[in-house]
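Structures follow.
Okay, so chain A shows up in both of these, paired with chain B first and chain C after.
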Partner chain A sequence: MPASHFESVSVRNLVKTYHTFDALSDVSLDIAAGEFLSILGPSGSGKTTLLQVIGGFTGPTSGKVYFGDTDVTNLPPQKREIGVVFQNYALFPHLTVAENIAFPLKARRVGRADCEERVAQALRTVDMEGFGDRPIAKLSGGQKQRVALARAIVFEPRLILMDEPLSALDKNLREAMQLELRNLHKNLNATIIYVTHDQREALTMSDRIAVMNKGKLVQIDQPKALYRAPADHFVASFVGEATLLPVTRLGDRQIGLGGATLRTPDVTTDGKLFVALQADTILLCDDAEDDADSNYLNGTVRDLVYQGESLKADVVLDDGTAIACRIASHHYNLRSVPELGHRIRLKMHVEDTIVVPG
Partner chain B sequence: MTDMPKLSAIERTEQRSFLLLFLPALILVALIIFAPLGKLVVQSFQDEGAFSLVHYKRIVTERIYWSIFVDTLEVSLAVTALSALLGYPVAYAAARASRLWTGLILAMVMLPFWTSVLVRTYGWLVILQRRGIVNTTLMDLGIISKPLELSHNYTAVLIGMVHVMVPFIVFPLYAALSKIPPELAQAGNSLGGTRSYVFRRVILPLSAPGLLAGAVLVFVLSLGFYLTPELLGGGKTIMVSSLVERNIEQYSRFGAASSVALSLLVIVLAIFWVVDRVLPVEKIIGVK
Partner chain C sequence: MKKLQNLPLYGVVFAILFFLVFPIIVVVIMSFSDSRFLTFPPKVFSLRWYESYFLDPAWMRATRNSFVLAILTTILVVPVGTAAAYGAHMCKMAIMRHMQLLLLSPVIVPVIIIAAGLYMVYAQVGLLATKLGLVLAFATMNLPYVFISVLAGLRSYDMAQEDVARSLGVSRLAAFMKVTLPQIRPSVMTGALFAFIGALDETVISIFIAGGENQTLPSRMFMSLNDEIDPTIASISTVLISVSFALVILMSLRSPKKANG
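Our next item is the complex of A and B:
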């Protein structure tokens, strides 16, 4: 593989203040060359501001941005050599597909023959051969997405920034594009920073995920670690579909939930604690079952909602707290699906009984 | 499926009744537009009550008529170009500014609209004349020793007309520019385009429809301008409208006036026909 033009990115103590509002407060982040990093957070968490600062569209109040070893903090976007894919693609509507992709090359005065060859190559990379002469208005959402991607990679940028690029697509296309993006990332060995509020998207594609909340970086980890070991109450509630309940610490590996005692992996922190009960880790079980690896809860079914591949059950535990769990809706399960108002017994694995600080 | 023909039949009768409803308005508008025009056509081909081509012959043969037509087109083109140059930055600023500033800028552009053209023209006279504000200030500052010839000439006509015309190009331009998503400029920059490159390749082509609409408006309005060139031109810049006025006021030659007015109309229509053929409007706008 030829030496990659993609570089590492380093963000040091970034602060961005609008009037009195801290959009970013002291964010530091290191992204390795060739890494796919997602920035995950709710709207207003500062994730888009971070992208804007890395892209050079807005300057930080303080802090530094490095590409490789180069300080680019004061460099305007046209000198940063970054491929940006915008939320609404930001394709030029008055140009054809090929002209859009050639735009960054022409801005760099690349010769005509070279330009044509690289445009053709970029079209091949995103599987859009033969679409060069199409006007932008004639493309579907997925095709626009591909063209925007081709335009962002054709000039061999140092990194690729993506701002929720798939949010306008319908679910099936979005999932297909996620896998394609993942493959493209592997093939190009590209450094990609991907902003999203969709946790599943982040989990699907990323090498690592940086979770942001209220202008702060809360946790940066690999998808599995993020899901299995959330750093705090916010991450646990944002990733997955968890019910968070306040618990008391009874021992190193024991917590009290209402009247029940649950076993957990190591609980090292003191102070306010919550158990994060992920809906898909809670299973129905028989009254008689008693396994050493399981925690058991008893409750009453208050609500059942059919949601296609699964049923979402709203269960009230004996002490009055409500939790959500999912029951797969295939026919093997149909017999055991409880009825409204019936008492049920639930179990979850000790390792899935995750405790986070509040 | 059986309801389909019934439904379309109902739609057809509805369309017919709509047509009937707006027919009176259509007839009224047609009358207002075409009746006077028809009268002009008839007049222009009459001399002392009989059919005659004498008025058109005069336009073609007499140099002074020709030169007035040429001057009118030249002044209108210059006013259009200057209005576009001055109006574009204003419209761009209004389109990119915050809500408050957009409102302020557009209000400032609108303000002259609420003053009569006559008052504004005399205002320019006060500013530009030999002992006007501009000349006295420059002389007091010692920059010039003799007053500049700013009024009663071509320059004064241009200044006065551009002042009246700028709003007509600012508003269509503002409408076109504010429709361009700001991400497009960001995208252009991130792809390596300098500000001027992005302006030339993205902003200008995308605002071309607004620019074209505004320019056409200004050009057409300029062709028929009477008051400003008459008052500020000092008799040196005579427009077609003045020619029409003189024929009527001084010589009561309605036939001659009609033929001049109609000739201007034909010339304008011819220009637009050519422009429509030559300029790839659809390509500029990026549709079709």
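Our next item is the complex of A and C:
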């Protein structure tokens, strides 16, 4: 196994200001060589600006970018040795597939025989053998994606940047490509910075996820930690599709919700608190059940919506708070599905009772 | 039923087309006349007015001048106009709107005013009746065609391609030449064509600042109309019309093939 050409990336105190608007305010970030890091955030959070600065397409107002130990802050993109894949692929439509992939090699004056060999190799890597002579216009979305990828890796870059590369694909293809990208990342041992607004995509593929909001880095963590221990209200609502409800603090590990007392895994802070309820961590249970690891809630079923693989139940707790829970719609469950207007008892594991500061 | 309803529409379109094309047809037909004067319809047909055009050294020199000037103008105005359009497209500053208006002013301001202004400035700096002076004037007048055409081309072009090209290892200029230019080529060609034709029959400017050695075809045609009206003018017009049409047809034959590739 030859030493990888991929490098680590360090971003130090990046600030990018447009007029009076801070697109990036003091962002620092370290990405290890061979790491798959997703930058997750809503539109306008600064994630694309961060990618643009790392790619050298826009200069920061202040701050530094390092690849390995080299300061690249003032290098133009053509001197940075980065593979870039954009949302719309940005393939060159006037060139064939092979010519597109050969573009970075020609820019580096690679000899013809070597060039052909490496293009063929890149096409094999992305499973597109035999497509070299095709015009770009004759490719499907997924194929374009692969060609863009091949073009980004063929010249052995130090880093691969991706800006929502799968968002134009339909759901099934997108999920297949996510797994392929993950495998490719493993095989190449590539440093990948991946910008997305899709939390599931980020959770599926990343070693770590950096969550951004309003130009700031809010939290950077492994997917599981991010999901289990969101740093604040924003991360909890963005990463888990959670419903956030204001709760009152009753003790170090106790909060009040809907007339019930819930235990929490960690000591809660003072101040405004929210509980992040994930619809699929709340389960139906019997009236008699009483387990030391569970929190229990009582309420009335207000609405039941069939959503294919599951039923979504809207439940009103005793104090009028509305929550949602999800009941898998397979036949084992049919007998226990509650009816409209009936009282039900719900349980939630203490470890799933995530409380975040407002 | 549908066809009957559309009948008035067809009528209007046909009338407009006829109105546009009829003068041209008349000129072309008159150019083949045998008569001493411009008459329509001609009683006898001949090529004598083409002879009097092609065999006259003064007409030929004016023709050569016009084509040389038009070619030089195109060579100058295409890169400048393309660069201006690129700049206008990339620049996000608010002042750019006003700059664009400034660039388009040659087609907005009445030509006669520009011509008179040029005459006075050129008289001061000694550019009157020089090739340089004419090329500069024609370039100013025809810059908007290239500018607008290329700007329209860039608007439907995905600039991310240039970023990607740069990330793949080429300079910004090379990225433009290798990736952007091949894709906006139809717009550039259209702009160049209009600039060329525009420079070829730039009349008012020519009347003011062309002359002597550097007499242009349109200004000589205008002068000769003052002296005598003979069908040589019609034959020259026919030649010019043919050249313009040939260029436009050539362009439209080329472009659909490009679009499919």
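One rule holds in what follows: the second predicted complex is superposed on the first by the 356 of 358 C-alpha atoms of A that agree within 3 Å, B and C clash if a C-alpha of one lies under 4 Å from a C-alpha of the other, contacts with A are read in each partner's own complex, and residues count from 1 in each chain.
Basically, a residue touches a chain if its C-beta (ideal position, glycine included) is under 8 Å from a C-beta of that chain, and two chains touch if they have at least 3 such contacts.
Predicted model only: the values in this text are computed from it and were never measured.
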Chain C versus chain B on the shared chain A, clash or fit after superposition: clash
Partner chain(s) touched by A:A292 [first = chain B, second = chain C, both, neither]: neither
Chain B versus chain C as contact partner of A:A113, first or second or both or neither: neither
Partner chain in contact with A:R80 - chain B first, chain C second, else both or neither: both
Which superposed partner A:F57 touches (first chain B, second chain C, both, neither): both
Which of chain B and chain C A:N88 touches, first, second, both or neither: both
Touching partner for A:P135 - first (chain B), second (chain C), both, neither: both
Shared chain A contacts, counted only where both chain B and chain C touch the same residue: 55-57, 76-78, 80-84, 86, 88, 90-94, 103-104, 107-108, 135, 151, 155, 161
Sites on chain A touched by chain B in the complex: 55-57, 76-78, 80-84, 86-88, 90-95, 103-104, 106-108, 135-137, 151-152, 155, 161
Of chain A, residues touching chain C in the complex: 55-57, 76-78, 80-84, 86, 88, 90-94, 103-104, 107-108, 135, 151, 155, 161
Chain A partner contacts - residues on chain C that touch it in the complex: 158, 160-161, 163-172, 174-175, 178-179, 182-183, 261
Chain B residues within the chain A interface of the complex: 181, 183-184, 186-195, 197, 201-202, 205-206, 284-287
